Amino acid sequence: MRLAYYPGCSLETSAREYNHSVQLVGRLMGVEFHEIPDWSCCGASAGHTTSRLLALALAARNLALAEEMGLDVVAPCAACYQRLALARHELAANPSLWERVNGITGRPFNGTIRVKSIVEMLLSAGTEKIKSLVVRPLRGLKVAAYYGCLLVRPRAIQIDDAENPQVMEKILRAAGAEVVDWTHKTECCGASLAVSNEEVAIPIISRILKAALAAGANCIACACPLCHFNLDIRQAKAKRFLANYRPLPVLYLTQLLGLAMGQGERELGLEAHFVETRSILKMVG
Amino acid sequence: MKRIGVFVCWCGTNIGGVVDVPQVAKAASSFPGVVLATDYKYMCSEPGQELIVQAIREHRLTRVVVAACTPRLHENTFRKTLERAGLNPYLLEIANIREQCAWAHQKQPGRATEKAISLVRRAVAKASRLEPLFASTIPVTRKALVIGGGIAGMQAALDIADAGHQVILVEREPTIGGKMAMLDKTFPTLDCSACICTPKMVAVAQHPSITLYTYAEVEKVEGYVGNFEVTIRQKARSVDHTKCTGCGTCWEKCPTRVPSEFEQGLGTRKAIYVSFPQAVPNKPVIDRRHCRYFAAGKCRVCEKVCPTGAIDYQQGDQLIKEKVGAIVMATGYDLFEWEKVYGEYGYGRYPNVITSLQFERLINASGPTGGKILRPSDGKEPQSVVFVKCVGSRDPAKGKEYCSRICCMYTAKHAHQVLEKLPGARVYVFYMDVRTAGKAYEEFYLRTLQDGAHYIRGRVSKIYPEGDRLIVRGVDTLLGRQVEVGADLVVLATAVVPSRGAAELARLVGISCDQNDFYTEAHPKLRPVEANTAGIFLAGACQGPKDIPDTVAQASAAAAKVCALFSREEMAAEPTVAQVNQFLCYGCLECQKVCPYRAIEPVTVSENAAGKKIERTVASVNSGLCQGCGACTVACKPGAINLKGFSNEQVLAEVDALCL
Amino acid sequence: MSLDSQWEPKIVGFCCNWCSYAGADLAGLNRLSYSPTVRIVRVPCSGRVNPAFIIRAFQRGADAVLVSGCHPGDCHYVSGNYHARRRFLVFKRLLEYVGFEGERLQVRWISGSEGAKFAQTVDELDRKIKALGPNKKMRQEPPGFSGVKDHEG
Amino acid sequence: MATLKLDVENPRELLEYVQRESGQPVEKCYQCGKCTAGCTVAFAFDLMPHQIMHMIRLGLREEILRAQSIWLCTTCVICTARCPQNIDVAAVMETLRILARRQKALPTGKARPVALFNRLFLDSIRKHGRLFELATMVLFNLKSGHLFREAETGWFMWRKGKLKLTPTRPRGTEEIERIFARLQEVEGEEDRR
Amino acid sequence: MRETARQLLREREVGLVIGYAAGSEAYWVTPAFIKEEAQADRLVWNPFCVNSLAKYLINYHHEPYKVAVVVKGCDSRALVRLLQDNQVQREKVVVIGIPCLGVVDAKAAALKIAPGTRILGASVTDGEFLLQTESGTLSLPRGEALCAKCRYCENPTPVLADTLLAEEVAAEPAANIYAEVREVESWPREKRSAFWDGHFQRCLRCYACRNICPACTCRECVFDQTDPCWVAKAHNLSENTAFHLIRAMHVAGRCVDCGECERACPVNIPLRLLNQKVIKDIKELFGVSTPGSRLDEMPALGMFATEDPDEFN
């Protein structure tokens, strides 16, 4: 499978390990990535909260670039995925808006390509394919699959059910992990407020951690650098709200898959996390 | 030559004050076929009518035109006038020169007069094309079919039977009683549901005029009002009820346990079972899907233990044909399947989130817990119970747009029951509105408030487990705050929807459904218990959500309608119905497709063609079913099907006259 | 308008008995005044109106035709107006295709309680047709042929 | 709390604006409150989502644009996903935030840092085409007056090689600049109208 | 084809085969009614087999035997309509389907050759049309020689057949089938009116269009009735227009776009342009297919959907 690759700002810097693990696992699964030359920021939340046109234009430029390559585009960052997919949907639904946006970007997007999330990319080969690549099943791991708000909402672009999605679980099970049924998998982590109003974000984060701990998880899997940053780095601050706290490593879905497929912790960037991941490695062996 | 009389009415000054009535009469006298044109102050008055009668006799009139008020008012009056004069009542045509002329054009008397003349010309043109029509009569089979054996069906059946008519009651479950038999107490009186329901069930079973088919379904309905022929499928019970005494040995010994439908999954039953101890008939059926013998070919325990040899594994379905004159639909309701759409409430994964019907079983002394309120997960007594209203109701996104009407009251009842049975327990009711329109309903609700129930105004966004409790996160819009309650038990007031299969049954019977699959009444105000097909009546929740008193009232109303139909051996049918010219009909049957009443059927006619005898299919109208809409006449290319009273010839003549 | 001011349009209306005819009655009952140019033929249902009736009206000199029935979903006969809707969607387009002004065939849903809507519809139609002038398309020459045929004997 | 005066001028103007811009049938809101019930950030809101929906109908423009809630909304879309009337509440909140910005309503309290961060974020994109995390954070700390906020985090990231000292500049930065410029033109024109 | 016919007749499968036979000229084929095996050799198939044979089946509705009929794609739609209207019984028909690359508009082809030159035969391939004449073979672009209805064919392969006599021909990707209708629609009203008045004025009221039409199967047509008198017999623009409009509405939802009416018209009224308008509108308005394309899809005007478009509020 050939895909245009849209890393997004975080994957270049604060989420480099996600970038590496996506590329590693993707290649193992036979995906050929072609990074979009000159991609620009999708606008993230600042874009659409400022101007609808701006949000659409920033996303549309990147879509147009991918279209010039003639490839569907994968955006591993859930926020980028949502922005790009939603822009595509909104443009397609409103031809006159589409025309306006094309005029603003000066780089017409014609709607001939699709946007894929990392989960869709991994599942498009089927769970059998994943199973066939597993050399070190993730036995002993009890994973809380965390979707956050960006992968399953709004309806137009959701990759699975908004209340109890199962696609990440499917992948994790294929990798030999046990998944826990938990209650906060599609709650928002408050990442967009974390910088500006940390005191608002911390209780939100702690609610999620609490639910994962209560479900007996020993790690969290996610597919979004913003969620990761929040749940991992801010875990230290959130723990004061938690009575029965124990450290809960937060890993990218692709890092877990990479481990199962025999990749080393260094290649997968496991050491780059704030919450120690060694416990995970021990369990997997 | 037709001899037409034109009678122009002044209606006091109503018409005469605007329209130059004498001039209209004068103009009419020159229209083709008119032999008499005259006017009178009040044509509908006794002297006015007498004037018409006399004129008909004197001038040997063969058609009558009355120019007066709208035909919707006095058409029948003047038809009777014609009848009095010995003329066929359908040889009358009315020109509406009051509502649609004098009143509408008061400020332009000249133009009004001109229009009146034109309208009279139209009426004369149509009159000259009128033919005598005769109301046909249809024999009536004085036996009714009631579909559904819940409280609605039982009430209707008893009322009709008490009036002296035969009734066939068909129920698809093994017992009659329906939902009401499952309930604990009824609001607002809190009397025991079983205590008033089971005597009705027994009365139905013992009534000499009621034939009861349980575990049976209606398979086919043919015919029309007064003359239906229905086919009923008696599903194989695998038990010979003529031999069975209902002793209960078989279901005691049966080794297979399955969740009980009657207990809403909170209890179990055997594979050979009666639904509940007071079931009518109180004899078992074998659920073949779960029976070991039918599934694996081994077991036969029930056969071995049965003292009367009533078990019959070979029994097959039976088809029974019955002729009836009327049908009462009383198919009731089911609960909306909330588990399929409400992910935020757990998609049915949490055992302590139950429906209100499950709660009824939980609190029922004959239920799985013997009437103790215990949470399903661990059998503990709940300390905090949360009720959530409007689950699936008033929710266009996930459920139904309509209000289910009964939830406010039964939730108040449930809240009251919890507070009564579990002193010290806390009760929270999340609601959007509290709707208590009904006798003594508001009082009941207020009592529940005084009992200590906390009513929280707002919807619940999420229910999730934390430890062994449930967290209910909602809103109190009165406080303007997000709220959370810990709950041991959550009861969802799920929407009332038509019972499963209601829409298919409607198609089979030939009535229509609304967008929610509730059966449509013939008129929302004036004919609320009749279906749009003659001879079919509606009772209870199949027509829309209803509580017990309303259901019983509608059932009795439907029964009264049936009795009115059965009051004579024959019924008169409106003569303004469609008619097929079989010579012109070439049998394409497009007319059949557009007929909303299934009044058109193909028939075979034989005729001679080029010396050979051939058989040919043509359409034929059942005048008992036809309501005279005329949709078929337009679907018919060669004009082979025509509508009496509004025929092609007549309408074309009217158009011609109006365009002069 | 270049036309002789004496000219008044001739408009044939087909109203279903249950809704629109009742609506027209109500307009009168409420003494709503509207143009007297529309003359109504009462039919049981809008589904009874054969496009051939309309063709005939135009032939005989009608300048416009109004067909009116119950609102979709409210048909006294369950579905007659749905059939009418299909027929007239097609027929109106056909008329325009062969060169009629589309305004000359008006189809409107008017309920028994919409007396005002009836009056308003008639007035609007009257205004439109006055602006268009007399219909010449398909009109018989000379106008005034009497189609009323005596039928007895 | 002060008494609200309901007899505002043009009471439907705000409703119509919001419905047009967001494409959402705010009129269908029947105040069930499910949006507030599920809201991630409701505990920090000064006005609840359902109250805002109600206020739009009443035309209480000042009260709404003054609210911090419209800035604190994380657009997690839970409200939208669960709204029984299929109203995209998040889109309505977004429309209000954009309206507030266009009307130059001054954000207060918790809303201030949100608005500031958004602005710096977009400035960074405009300048570099992509987000230059380090500079944005430093600027944010400077401007919000909390110089050492998240210093610990920064240090950790620096150690793990997760911070870049220079922005990566795609070649398309002029193109991005052009997008921003054209947008300013278009929206400036709209605002004048 | 001959072999199929022979076999059907030999095995008494059918009592009659309706197909095409050579006429007096190469470009002239006539319907053939073959009852005996020996006569089967008369059957021909060539690009001049333009006429639709389906309607002949009605005449044999009451015969005890089965009838085999040769149909092209467009004719099969007519057959479907006849079946839907109960004019033909499926179990009494054996359908011999011919996947077809298009048939020839003989009038158009004749204009391409010198007057008086005899046509000897023709063949159609994917790309071109070859006309064999006394003076050699002439190659013409398909578009110039084929019947108008063949330029965009929805069903080159019959939609219904018991045996197919050749490989299936795939339908071309949906082109702008109704380009001509749209063209007329785009004209100003006056132009449209004058255009149709001009044509209807010339109508002879010979009813050839009706007689050949597979959608017209009434025992007595409304235009032949005197009471009620739907349309007067008088020959003038008003009555002629009434005739054509009523006819268009009668075949609305039934017309299968076979083009036979236009071919039969002695004064060249563009009847297909009229009927196609209705087909196009019905398809666009109600999301149905061309009448006759599907046995399970009944005429659009005999059905309704509550969500049909509404412009009458």
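So that you can tell them apart, the chains are marked A, B, C, D and E in the order they are listed, and the count of residues begins at 1 in each.
Simple rule for what comes next: contacts are C-beta pairs under 8 Å (C-beta built on N, C-alpha and C of every residue); 3 or more make two chains touch, one makes a residue touch a chain.
Note that the structure is a prediction, hence the values are computed from the model and not measured.
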Per the touch definition, the chains contacting both chain A and chain D are B
For the pairs A-B and B-E, output the one whose chains share more C-beta pairs in contact.
-> B-E
Centre-most chain, if every chain is reduced to its averaged C-alpha atoms = B
Whole-Å separation of chain centres (CA-atom averages), chain B against chain E = 48
Using mean CA coordinates as chain centres, what's the chain C-chain E distance in Å?
-> 36
Expressed in whole Å, how far the mean CA point of chain D lies from that of chain E is 64
Chain B and chain D: spacing of chain centres that average the CA atoms, whole Å = 52
Residues of chain C touching 2+ other chains?
-> 51, 56, 79, 83, 87, 147, 149, 151
Touching at least 2 other chains, the residues of chain B are 344, 594, 635, 648-649, 652
What are the residues of chain D that contact at least two other chains?
-> 43, 78
Spell out all pairs of chains that touch, sorted by label.
-> A-B, A-D, B-C, B-D, B-E, C-E
The chain E residues in contact with chain B across the complex are 62, 85-87, 217-222, 225, 227-230, 250, 298-299, 301-303
For chain B, which residues are in contact with chain C within the complex?
-> 1-2, 32-33, 62, 70-72, 96, 98-108, 111-112, 114-115, 118-119, 122, 125, 128-129, 512, 520, 532, 576, 594, 596-597, 627-631, 633-635, 643, 646, 648-649, 651-660
What does chain A use to touch chain B in their complex?
-> 161-164, 181, 183-184, 211, 214
Within their complex, chain A touches chain D through residues 9-10, 12-16, 37-41, 43-54, 57-58, 61, 100, 103-107, 149, 153-155, 162-163, 186-188, 190-193, 195-198, 200, 203-204, 233, 271-272, 274
Interfacial residue positions of chain D with respect to chain B in the complex = 30-34, 36-39, 42-43, 48, 50-51, 78, 82-86
